[in-house]
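The same chain A turns up in both complexes below, where it pairs with chain B and then with chain C.
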Partner chain A sequence: MTTAVPPRLTGSPVRRQDGDVFVTGRAVYTADVRADGAAHVALVRSPHAHARIVAIDAAAARALPGVLAVVTGDEAAEHCEEIPHGLDAGHLGGHHAVVRPLAVGTALYAGEPVAAVVATNAADAALAAAAVEVTWERLPVVLDAEQALLPGAPLLYPDWGDNLIIERDVGPDDFTAAAADAAHVLEGELRTHRGTAAPMETRSYLADWDPAAGKMTVHATTQNPHVLRTVLAATLRLDEEAVHVIAPALGGSFGLKMYGNREDFIVPLLARMLGRPVRWVEERSATLLAGTREQVLRYRVAAAADGRLLALDVHAIADHGAAAPTHGWGMAHVGALATGLGYALPSCHVRYQVVATNKAPWVGTKPFGKDGATLLLERVVDRVAQVVGVHPAEVRRRNFVPPDSFPWLHTSGLELDSGDYATALDLTLKRLDHPAVLAEQRTARAAGRLLGIGLAFELMPESADIPGALVSAFDTSTVRMSPTGRVTVLTGVTSPGTGNETAIAQLVADELGVPMSSVQVVQGDTERCPYGFGNISSRSIITGGNAAVLAARDVAATLRATARAMLQVEPTEEVVLAGNAAALAADPSRVLPLAVVAGAVHTLSYRLALDVEPRLESTRTYRPGNVRQVPDALGRMQTYTTYPYAVHASVLEVDPETGSVTLLRHVVTHDCGTVVNPMFVDGQVTGGVAMGIGAALGEELVFDPDGVPLTTGFKTYLLPRAIDLPTVELEHLCTPAPGTPLGAKGVGESGFSGALAAVVNAVNDALAPHGAALESTPVSPPRILAALQAVGR
Partner chain B sequence: MIPARFRHVAPADLGGCVAALAEGGRVLAGGTWVLPEMSRGESAPAQLVDLRRAGLAELTATADGLQMGAMCTYADLLGSGPVAEHAPLLRTMAGGITGGWALRNQATVGGAAMAARPQSDVPAALVACAAVARVAGPRGARDIPAAELFAGAMRPSLAPDEVLAGFRVPSAAGAGSGYVKLKRGGSSWPIATAAAVVRLDAVGLCTEATLVLGGVAAVPVRIDVSALLGRVVVDDDVRAVTAAVADALPEPWGDVLAPASYRAAVAAPVARRALSAAVADAEEERA
Partner chain C sequence: MTGEEGRVELRLTVDGAERTASIDPRSLLLDALRDELGAIAPKAGCRTGDCGACTVRVDGAIAKSCLRLAVADDGCEVRTTASMAVGGELTPLQQAFWDTNAFQCGFCLSGMLFAAEDLLERTPSPSETEVREAISGNLCRCTGYDAIVAAVLSCAAPPVRSSRGA
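== the complex of A and B ==
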């Protein structure tokens, strides 16, 4: 599909529409929303990783100044249903866990909310929360997934009889046959650590219950306002229309603000119980409870003598923490789907086990499990390269799915749409000046310096569809033009702070020929916007953007027809919408201001164009054509829409005396198809690289031997700062997504996985001359030094 | 937001602070450690005795060095001519404090000393400078050499009713200094620090040598480098006196960012680098 009007704004580095509001501190986040008489919530959290709640004595807390209520888990449970699961393991062969807003009976991780205090101000609420006396009976803890699988391990859910949330197989289990003629079979184990995301804005809710109208209004830091409304209504035993969810500006989300978190339900529940507005702002230590990425990945890989991969067999053990109604465990599944993706791998099988331990649960976190798959493959490729004696770049080149082979059906069932991986590798090596860097490395090594070069290929399936779950690959946008030519776009997708609303405005402005200043994009309000799935899986431009383009084309058609009537030309005459005007293509001097045409649609429809329905509004849904929900003969589905990718190169130096890492270069070639706004794309990839480097080097959730988190703030959960990072050197390729109006692919999760893997590979390359290796993350100075000490350095 | 009710007093002089503290509570200097701790609910003193109005921010040159009030911020040190001249080590230390300008403008050297955190720049730097603390209390004023100021992790040797007034710092003009800090990254607290001061005479013989490690034990650790005295110091000398510094650590400090074994392992290279830098600086001072 092509557009008749040449794009003007699409592809341009248009400045963010409301950027000034954010950089001058005037943006209204959820915690800034004013509400007269709002009371404040503080949560009483379990100090123990596993303990039975024997009794809760709230008398002292209730007597403190300003305290309005103390609600225990038992009391809360009477007023609501259990929280619906976004992805219920119990429906897919695993165990269903009953999770209520506040813990009932037993706390399964340190930090789990067990009671809530409501007071007239936040300080009094926090003070009273500390005064709630809980009598605990401590239970044995299990903090390691492998130990949790052993017979006799402490059980989180005694009814289950084990700690296995779910286990599944992805891809045909045919390693032995596929590896029969292999020149090399390598076995290995990779351990990844528990990390999280760190949005600047923590989570927050403001809930207001109107008893007369029977209506709940919730301002929430949520990525999915419509879906939150659906599950909130179910939990609170309300009809959906009785719940109004508004998502104000988000200060980052990275998956942590997907629906299903317990506070999603606690705060509205308290508002209804108290009959007054109630608000809560998450403490940073609670944001840092959310876990992700902790896995043991055991593998066997078979390779031909020339480095071609023949078969891969993986056993993934995911340390999930306590079960949760969020989508967190799905990261293990997506990791399995993505394992080996982009390499022409004849056989790939992943068996994953998602294990419950006494830690706060996994919460869906960018890039949703694909990072483990990338790290695994990129370590495997480097190991194969070492064994066959071929440069790692060449081994990757020999294994890439070739550019003329699309669509490419991967063993997991995902079907790659397009790409040119080898060219991305070439561009990265060229930008790096690979021969020069290799020469520098030889010189450095001769002087005893540990200079490492690491490559990594990342391929991110994006815009997911989970059959049967409220995660769909389509979304809906409305485009509406007023009598004065002002344009409003209402979308079912939301922005986590990335600026996708500006990108959508660019697309619509191009279709209608209006300036950016005429277009307002409205997101995140369940009573204004069409039902949508919000911001997940890098889908906002693919779904909401494409839908807005389709809707804008409908409005443009009405404008063109009306302009023809006003200019008294034949219906075959081409009308160009540009420069806020409608002009005849054949005679641009015959032109009408767009506001005049829009006004005519609204006021002169009986005189002008009786055959045109007088409506400058359209709602369209964009449903990508390549998703397949019906399983094939092997039970596989094609559940992702686009497949952006990148090739990274990291150059770094390790201090052999301290294990400290200095990052010298980071080069990325990225392909997300058609770029709507290069500034936003560069920002996403650069941010993803920073996050991946942070995960590689230092960001780690650490617990004491009893399971109490030690990383409770940014003094201990070490985010990279600007001085820690090299300039991210970006190159772009553009392979448009075939069969889509825009050709755009997702970009919201790009950068992370490749950066993580490239840094881990580079550290290993640096250590290689000493025979040291580090097959676990983070590659932090203490661990690097220990690896060097282990080989006698 | 501080989840507690407490009294806040800010007396106009040191005597008023001592009198107020007699009723208990915690002393508040820059507030960059105490207030976050109270916000997290980890500390709930009934009273805060705020030093900000007590006139303790003077930073002046004296006949033999510096007079530095307890309320001097890192930014004060960085902007001070006398500090640059008499205590360049403190200037270097202040320039590398984690937290950027927002913190340097607010946090105080005295506050960091009284927090006595093992993983902090200040304690070892003060010991290396041979600073002497001036302390006021209900039983009068007394001096405590920096080397005796730290009784243990998070435990200054002051009595609970005493207030730190400031420091006298002898002049290090003409000496060379070196300061090396190992961190996990930009946002990390120090894992290991080494502060060194070296003075050479006109012919290049070492007349004074000090080396103090921070971050690697509960309190600053002074390393015996007297073997350098009377010598023209060469690299091998530096290597020799620092090779076994880990043995001088009674019990290496460990925390969530780095275990004790790591700190013990990096102590020697960090010490060597700081001492080398001090020797090089001293040679430049002499030239």
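== the complex of A and C ==
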């Protein structure tokens, strides 16, 4: 056997473990799970944005062939509790909304499910859903958050007395004092539009109720199977162990499939009511209901003559849509926490108001509100640069938290751990060849062409902990080695399709010295995996990965002790696990195949290493040390584990005749600390950039004046296609996360915010020679033309 | 025409095997393949012809199966990505998609693989722009497309094979 030590897998571009399954079309997603005899669900949705349900007549629908049941909101409510909130505004000084799987009494947005039809096949279910007759009494609608705050506005929840879900302050409110010596005070307003996650796979559930065993098995498109089990059991009045949630391969998620959506509950409820397997595959138009990002951001910023920021005061008004039991509104809070982060800003205060309107609710969406914070700051910095007459790159450099001042306590209470922002900026400008691009811009401008260059700095707090909510910064993994040296990793984190299971296998394979082919990672099954919080907040490697490393080290220690006993050497002798073997560091010729050692642990425990517990299995939880749930004197907590960041540069050209934007280049320097798999990291950042560009340029949920969605498919909600995008040019920087086993920082939300902001800044830079500006998104052709027309172009 | 009555018989060759199914005549080819014939490689991403996740080959031509009535393809030969690999051997394109991480969630793969294969049959040495155009009938929400473009270009003639990975 060979004793050559193979290169470490961690840090290598290892390809996906199960990639062949995917490229041969054999991967099983929720809608692919076979279930003989499963009935199909179609939902009856409100055609109105606000209307009272006067009566539901299902007689005609029930009489149609194949129909097994029609269930109204009232009937469903009898069989379940209200949906528990992931983040209850009512517990935090705001309003609690009662949300049930199907609407009861009143529909609050167009598309809200009010009844469910179950039939033997999907076509019959859809036909019958159209035959359910609902008598509506239309109510006045409010579709704008600012109007919803005015006295006399139509109320979604009359018992609240207003439409305010919650309002809070983040950071000390001391702008006036902090701005006293400012050379410049600028005021402004930024409006961001409603977008959505739009993964390629819509939501889907398959629920099977076994009445004899009292057991519910649910296959679900979910990021958080364990937490879904907890809330499903509570809603369905079952014990947790009566619910088994399995998350098959997920076709993208981006936050949409976090637990708590009302769709999570409808299908299991129907399965229980009918006593047979029931499945539902969401229609694309419904997936496009979920909202995010729509806000009005009013600000005042104070700056010194040299461009240093002295104080920022923000009033954010978030257009949430109807209240929901998901974490969606938390995006306004996280946006406030992240505002100004990474800049050495002495004073930063955000007051946010989350407002209910007659639209489908916000659903947590990558990058969870941090995008608004990035866009705001990057617009502010560019405006300050213009006023003080210093290049935007230099203004950023003057304001960055310097690399020698970590940990850095931001005004919101978040504490930055590490980073080198100015170097990232330098690398981006170098890759861009900034002087050459500036020269090109001068030439283009001289010829009347609108060429724009936009910079943006993004800093993403990742791996969140929400005190009191089932979103914690820790997670748990089990590592187990069989007598033949095969390794199974069971983890509480899941993959939305990013390949983190392969990255976790890399980490474990390195710790145990086994090849990738020996390691299998199991995720997404509540009866196999330890309780975990799944996939949220770019946490899978930080939490599940670090936990797997700790567990693998325990297993490795047992293997080493046993190998020492087998080789009859002292306990102080160093044993190296590599190349599927255990060898003495001092004498590599004394080596045992790892399978022999693993076998000996299982079979010779009374002869060997009596002082070692003969167990090749360990379950460990990694709880990052830097989270602080106890509020400080100002009521602030440190609720994020890692702080990856990036500096983007976008170069684009605006066509003044059509308002269309052609992206020429997009450069990103990214730092997520220690990289486990560079190919996966590049994929995450590139995908995030594409999404951010899409959000900047055109993706927008649009409604008619009555609040009925007009963007019901991909002909109207325009995702970027391959021809719309330039090749993303990536540079990397590595400042390892201090005090962590791996040094890795989250990467799952990276790319989006900086791309959004860089493109918006670049469009403004392109328009600047004409004195035109665009302080709202998307920067789409009609808006660009309007901005040019506004200045008489 | 609903319920179990009014079903019609559909004959298709699916991934090389002759199959028959009794289907609802309203069925789209996509649904007949997935629900009646167990061919799960094509996915329903939009059902409006916009995303390409449902792509198959019908008598050799790539087609979005959500835009076709199954009965209209009676007697046809349908291939999904499940039969792209001949004798269990991945095609260079499949291999390249795997080696260069040209997918994440994989939901878009039917469209991407078939569009790329179709392009390379017609244009063995495409430019990057030609690749981007060829796959632009398909949506991918995860990758940002760059890795897909790189995978396809790596298969352009003369073949350049990536040997990355473990």
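In this text, the second predicted complex is superposed on the first by the 786 of 793 C-alpha atoms of A that agree within 3 Å, B and C clash if a C-alpha of one lies under 4 Å from a C-alpha of the other, contacts with A are read in each partner's own complex, and residues count from 1 in each chain.
Here is the rule we go by: a contact is a pair of C-beta atoms (placed from the backbone, for glycine too) under 8 Å apart; a residue touches a chain by one contact, two chains touch by 3 or more.
In this text, all values refer to a predicted model and were calculated from it rather than measured experimentally.
Of the two partner chains, chain B and chain C are each touched by A:721.
Using the contact criterion defined above for the overlaid structures, shared-chain residue A:789 touches chain B, although it does not reach chain C. When the shared chain is aligned, chain C comes close enough to touch A:27, but chain B does not. Touch criterion not met for A:152: it reaches neither chain B nor chain C.
In the superposed model, A:66 makes contact with chain C only, not with chain B.
Applying the stated contact rule after C-alpha superposition, one finds that A:127 touches each of chain B and chain C. One of chain B and chain C touches more residues of chain A, and that partner is C.
Of the two partner chains, chain C is the only one touched by A:498; chain B is not. Within the superposed three-chain model, A:710 lies in touch with chain B and out of touch with chain C [touch as defined at top].
Of the two partner chains, neither chain B nor chain C is touched by A:93.
Residue overlap on chain A between the chain B contacts of one complex and the chain C contacts of the other covers 122-124, 127, 283, 713-715, 719, 721-723.
Residue ranges of chain C in contact with chain A, taken from their complex: 2-5, 24, 26-27, 31, 34-35, 38, 40-48, 50-51, 53, 80-82, 84-85, 90, 94-95, 97-101, 103-110, 113, 128-129, 131-133, 135-136, 138-149, 164-166. Those residues of chain A that touch chain C in the complex are listed here as 9, 12-16, 19-20, 22-29, 31-32, 34, 64-66, 120-124, 127, 198-202, 249-252, 254, 281, 283-284, 496-499, 515-516, 679-680, 682-683, 686-691, 713-715, 719, 721-723, 725, 727-728, 751. Partner chain B is touched in their complex by these residues of chain A: 42, 122-127, 129-130, 283, 285, 657-660, 697-698, 702, 710-716, 718-724, 780-782, 785-786, 789.
Touching chain A in their complex are the following residues of chain B: 1-5, 40-41, 182, 184-189, 191, 256-259, 261-262, 265-266, 269-270.
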